[in-house]
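Heads up, the next two complexes both have subunit A, just with different partners, subunit B and then subunit C.
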Partner chain A sequence: MSGVTFDEVTKRFGDTTAVENMSLEVADGEFMVLLGPSGCGKSTALRMIAGLEEVSDGMLSIGNRVVNNIPPRERDIAMVFQSYALYPHMSVRKNIESPLVANRANRLPAGERSERIDEAAEVLGLTDYLDRKPGELSGGQRQRVALARAIVRRPEVFLMDEPLSNLDAKLRTQTRLELVELHRRLRTTFVYVTHDQVEAMTMADRIAIINDGHVQQVGRPQEVYDRPANLFVARFIGSPPMNTISGTVGTSGTGGNVATEAGVVAVAELSGSRAGDEVVLGVRPEYLKPRDPSKDDPGAGGLRARVENIEMLGHERHLLTRVGNEVMVARLDPALPPPSIGDEVVLEADAANVYLFDPSTTERLGSGTSTPTATVVADG
Partner chain B sequence: MSITVESSPDGATKRTGQRVREALLGWAFLLPAMAIFVTFFYYPLYRLIDMSLHRENRFGTAAPYVGPSQLVDTLSGSDFLEGVKHSGLYMVYTVPLGILLGILLAVAANRRLKGIRVFQTIFSSTVATSVAVASVIFFTLVNPEVGYFKDVSWLSLSNPDTALFSVSLSSVWQNLGLTFIIVLASLQAIPTEVEEAAALDGYGPVRHFLRITVPLISPALMFLAVVLVVAALQAYAQIEVLTNGGPGTSTQTLLFKIADPQGIRPLGIRASMSIGLFALTAIVAAGQYALLSKRVHYGD
Partner chain C sequence: MATESTVTAPPTAVERPRPPGSGLSIGLARAGWYISLTLLAVVVLFPIYMLVIRAISDPISFINAGQPLHIVSAQWDVFSRAWSDAGLARAMGVSAVATIVIMGAQFMTSVLGAYAFAFLEFPLKKLLFAIVIGTLLLPIEVTLVANIQTVRSLGWLNSVQGLTFPFLATALGIFLIRQGFLGLPRDLRDAATLDGFGHIGFLFKVAIPLAKPVIGSFLVISFLSAWNQYVWPRNATTEGAWQTVQIALRTLTTTRVDQINLAFAGAIIAALPLVLLLIFFQRQMVRGLTAGAVKG
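And now, the complex of A and B:
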């Protein structure tokens, strides 16, 4: 087994730079998720590991072997594609066997081959389907065949590019668990690409958040949620995403506050900012709530907001409000009576859970000191 | 109400009159297709059979009914059997070579290279060329006096041993445009991810081609095999332009004998030969289907 290391790797397609100066270390046996919006370069990064794209610049290693110039089939990796990429003319058994027989030079004896196929089919519940063609399987079953084809070869690294995106929501949730289970069993390095932050949060050991070809932050799911390195990460992780609004720092008593166009928000930790600094204030929906009208106190501060919509999710409610020019979402306890659409409310943020960002660099203030475990790649 | 009724979209009940009108309308829609089939297929087929049952006298002035005797005589005669042999050879010369060259060109042109479209256009150009024109061009190459290949003995049109092969090469070349386009299109329909999966699995170029590519383009190859067989059995213009059946009778295929540009065979005999060709085509097609269809994989 071995990890994967990107050392200042760049990939250019003509004038487009898909991945720029990427440095990332995937530890041996780790489940690493590359997360980012469509077009951010995550597939390109994965395809470079597979050897399907050449590295333009920098050094890419699998284990302690630089693989820049090593052809895909000698890299000892297996990849699961979004479309599954099964061979339609081969039976499920032949599909799974394919990586074991493709190269005549290092073909395994037939007995061991069928042992491995049976084991992979067993793990993925495909035993009854081995003689079918992929065309006779459902989407979920095809996906399992693709996984089985990946695990029979016992590779150093598993690569997966949005393998769940063609499944329906229920199957996706179920397969997510199974993938985590599979990783736990195999203890092999997984590099998994997705644009879905829920997939990333639920499966990853660590997440690398990518935007525009750059790694924004690498960290454990809870870490990137609790201590986002910059505004992009703050807004990308979490559903609904973090609310943000710009304002100016002021001081008062023990802590401080931020004056926005819609009112003043108390802040427990100024993170090195000083009175008069321009900042972007961020607060997660669960730390924002409308003030109880009976306790209304004009001097207490808060954000003036107008309720635009209320989404019922059963276990919680999302209050969609307009605050100045921003839309802000508050997560409400469904047991409490909600305001009505059109109501004017005052939103209170929990002062201990407010984040401040530098509006010019978009970095979170204090992130350099408070997140020693996260690798932050600054760009600009 | 106890009677079952069909309701039309406006909810009204269909009466018998309406049903008859709809049936008539249905037949009216069928009429153009039926007219074409009857005029150009069923009626000629009937006339063909009728002709084969009548034997013309020497001057072509009368054709009394003789029953199947003429048909039997013709189909067992040496003239017909020679035609079958030449047509068969024509098939053997053109079909495998045509498909092979088509695959070769298509694989070569199926790349993302600058200017590859120029080659793709050149390779497919014979599709837009008539058989007669293409044959004239080919003739300038093999012309015994001035042709570029006049000294290549195995291409000689004046040697009875090589003439048929030489003519069939012109067919191969003329069909190449079509073969190329079909194979290229089916190569380009193979999903990129499947190709990439094969590369990761570790297939080398040759095994990749045989294990992955050929099965995936097999429907196109099957189609081409059928089309090229039919084209071989129907080849005429190139034979007339290049050799006119000669030297001797060495390039007289079955179809050439039926068309009979020198007008040496009576109508009844040519009609009998046509029935023989019809049967031969059916047998070859059925054989092809039985042989190849199990190895063809149609999508999923």
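And now, the complex of A and C:
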């Protein structure tokens, strides 16, 4: 088993830079998810590990071996594709066997091949389908064949490029659990690319959030949720995402406040910003509560908002409101009576869970030193 | 009463109401199609029908009878006479050998050329491909004299190599099979690379099996053009022993003018392999020719 190390790796396609100076260390046996919007360079990064794209600059290592110039088949990796990439003319058995026979130089004896195929088929519940063609299988079964083809070669690193995207919602949840179980069982390094933050949050040991070819933040799922390094991460992680609004810092009593166009928000910790500084204020939907303005004390803080829509999800409600030019979402307990669409409300933010960002660098103020006191749930 | 209720019952979802007269117009449209297709079939099949009639009829009696649309004084032994008089057995043998060599060579060169143009990156790729495709515009007559000179200087007149050499590679094959290869998903090629397939492994284990319909249809085209060749073998052979089937037919036509039905019978015999091929592979041919037209 081996980890993967990107050391200032850059990938250029002509004039376009897909990945720039990426440094990232994936530990041995770790489940690392590369998360980002489409076109951010995450798949390019994965394809560089596979050797399907050349590294333009920097050094890429698998274990202790620099692999910049090592051909894909000698990298001891296996990859699962979004489209499964099964050979349609071959049976499931032949598909699973292909990495063991394709390279004549290190072809295994037939007996051992057969053993490995049976073992992989057993692990993934494919024993009854070994003689079928991929075209006769469902999407979920095909994906499992692709996984079997990957595990049969016992690689040092598994690479997965959005492997669940072609599955329906129910199957995706199920396969997600199976993948986590597979990782637990194999204890091999997984590098998994997705644009779906739910997949990232539920499966990863650590997440690397990527945008515009740059790593924005690397951390455990709860860490990137609780302590986003910048506005991009804050807005990308979380569903619904973090609400943000521009304002100016003021001081009052022990803490401080931020004056926005829609009202003043109390902030427990000013994270090093001073009165008069321009900031972007961020607050997650679960820390915004609507209040009836008619029962307000005059001068009480909060953001004046108008209810535009209410989404009922069963276990919670999302209150979509218009605050100045921004749309802000509050997460409500479904047991409480919600306001009606069109109502004027005041959104009150929990002062201890307000984030401040520098509008010019988009970095979170006080990153690494002072963090909001959001509940840190033990993650695993 | 029952009839009434049936008539006045509201239309169900299954039996949607039709606009009045639509049944009739569909029937008319269908009849129109059948009539046009029948006429077209008559136009196409009439010469073949006449070929059979004239082959079997005694030629003098047929002309004296005013060239009717039916058999006159049937000569059923005409096929066996044509077979022996024209030496069709040997001529068909020569044609078969030349055709097999051409098909085999075209398969290899087209598949390799198509692979390079579809999957490899090399300098001047687009220009080279344009030049290859450009050769499609040159009819055989343009290069005939130069090619005959070459074959003559190599001492290859009256030989299998002489009959086949200019046709061992074809731009049509490269183009068609390249289209088939381009239809293969990129992920499949990437997966094959990661599995450890080299160029040859990927070509023969993955690309060719998946491009089978296109390759099959190309081989049918290759067979047809090789079997039907006339101009090249006419120039590349000088001895009767090296006559191909089309040359033998020509000889039969010019040497036995009084027995012209022998030539017709010979033509029917020479066409039999093609007819069999078309019967067995027509679906393949159509599928291959339309492959790549619509990306699936």
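Heads up, the rule we're going with is that the second predicted complex is superposed on the first by the 364 of 380 C-alpha atoms of A that agree within 3 Å, B and C clash if a C-alpha of one lies under 4 Å from a C-alpha of the other, contacts with A are read in each partner's own complex, and residues count from 1 in each chain.
One rule holds for everything that comes next: a contact is a pair of C-beta atoms (placed from the backbone, for glycine too) under 8 Å apart; a residue touches a chain by one contact, two chains touch by 3 or more.
Computed from a prediction, not measured in an experiment: that's the story for all the values here.
Participant: After aligning the two structures on subunit A, examine subunit B and subunit C and state clash or fit.
Facilitator: Aligned through their shared chain, the two binders clash on subunit A.
Participant: Mind working out whether A:133 is in touch with subunit B, subunit C, both or neither, as first, second, both or neither?
Facilitator: first
Participant: Looking at A:102, would you say it contacts subunit B, subunit C, both, or neither? Reply first, second, both or neither.
Facilitator: Both partners.
Participant: So in the superposed three-chain picture, is A:83 touching just subunit B, just subunit C, both, or none of them (first/second/both/neither)?
Facilitator: A:83 sits against subunit B and subunit C alike.
Participant: Residues of subunit A that sit at the subunit B interface in one complex and at the subunit C interface in the other, please.
Facilitator: On subunit A, the overlap between the subunit B and subunit C contacts is residues 50-52, 72-73, 77-79, 81-83, 85-89, 98-99, 102-103, 149.
Participant: For subunit A, which residues are in contact with subunit B within the complex?
Facilitator: That would be residues 50-52, 72-73, 77-79, 81-83, 85-89, 98-99, 102-104, 133-136, 149 of subunit A.
Participant: Report the residues of subunit A in contact with subunit C in the complex, numbered from low to high.
Facilitator: By the definition above, subunit A touches subunit C via 47, 50-52, 72-73, 77-79, 81-89, 98-99, 102-103, 149.
Participant: Please output the residues of subunit B touching subunit A within their complex, sorted ascending.
Facilitator: By the definition above, subunit B touches subunit A via 191, 193-194, 196-204, 207, 211-212, 215-216, 218, 297, 299-300.
Participant: Could you please specify the touching residues of subunit C with respect to subunit A in the complex?
Facilitator: Contact set of subunit C toward subunit A: 185, 187-188, 190-198, 201, 205-206, 209-210.
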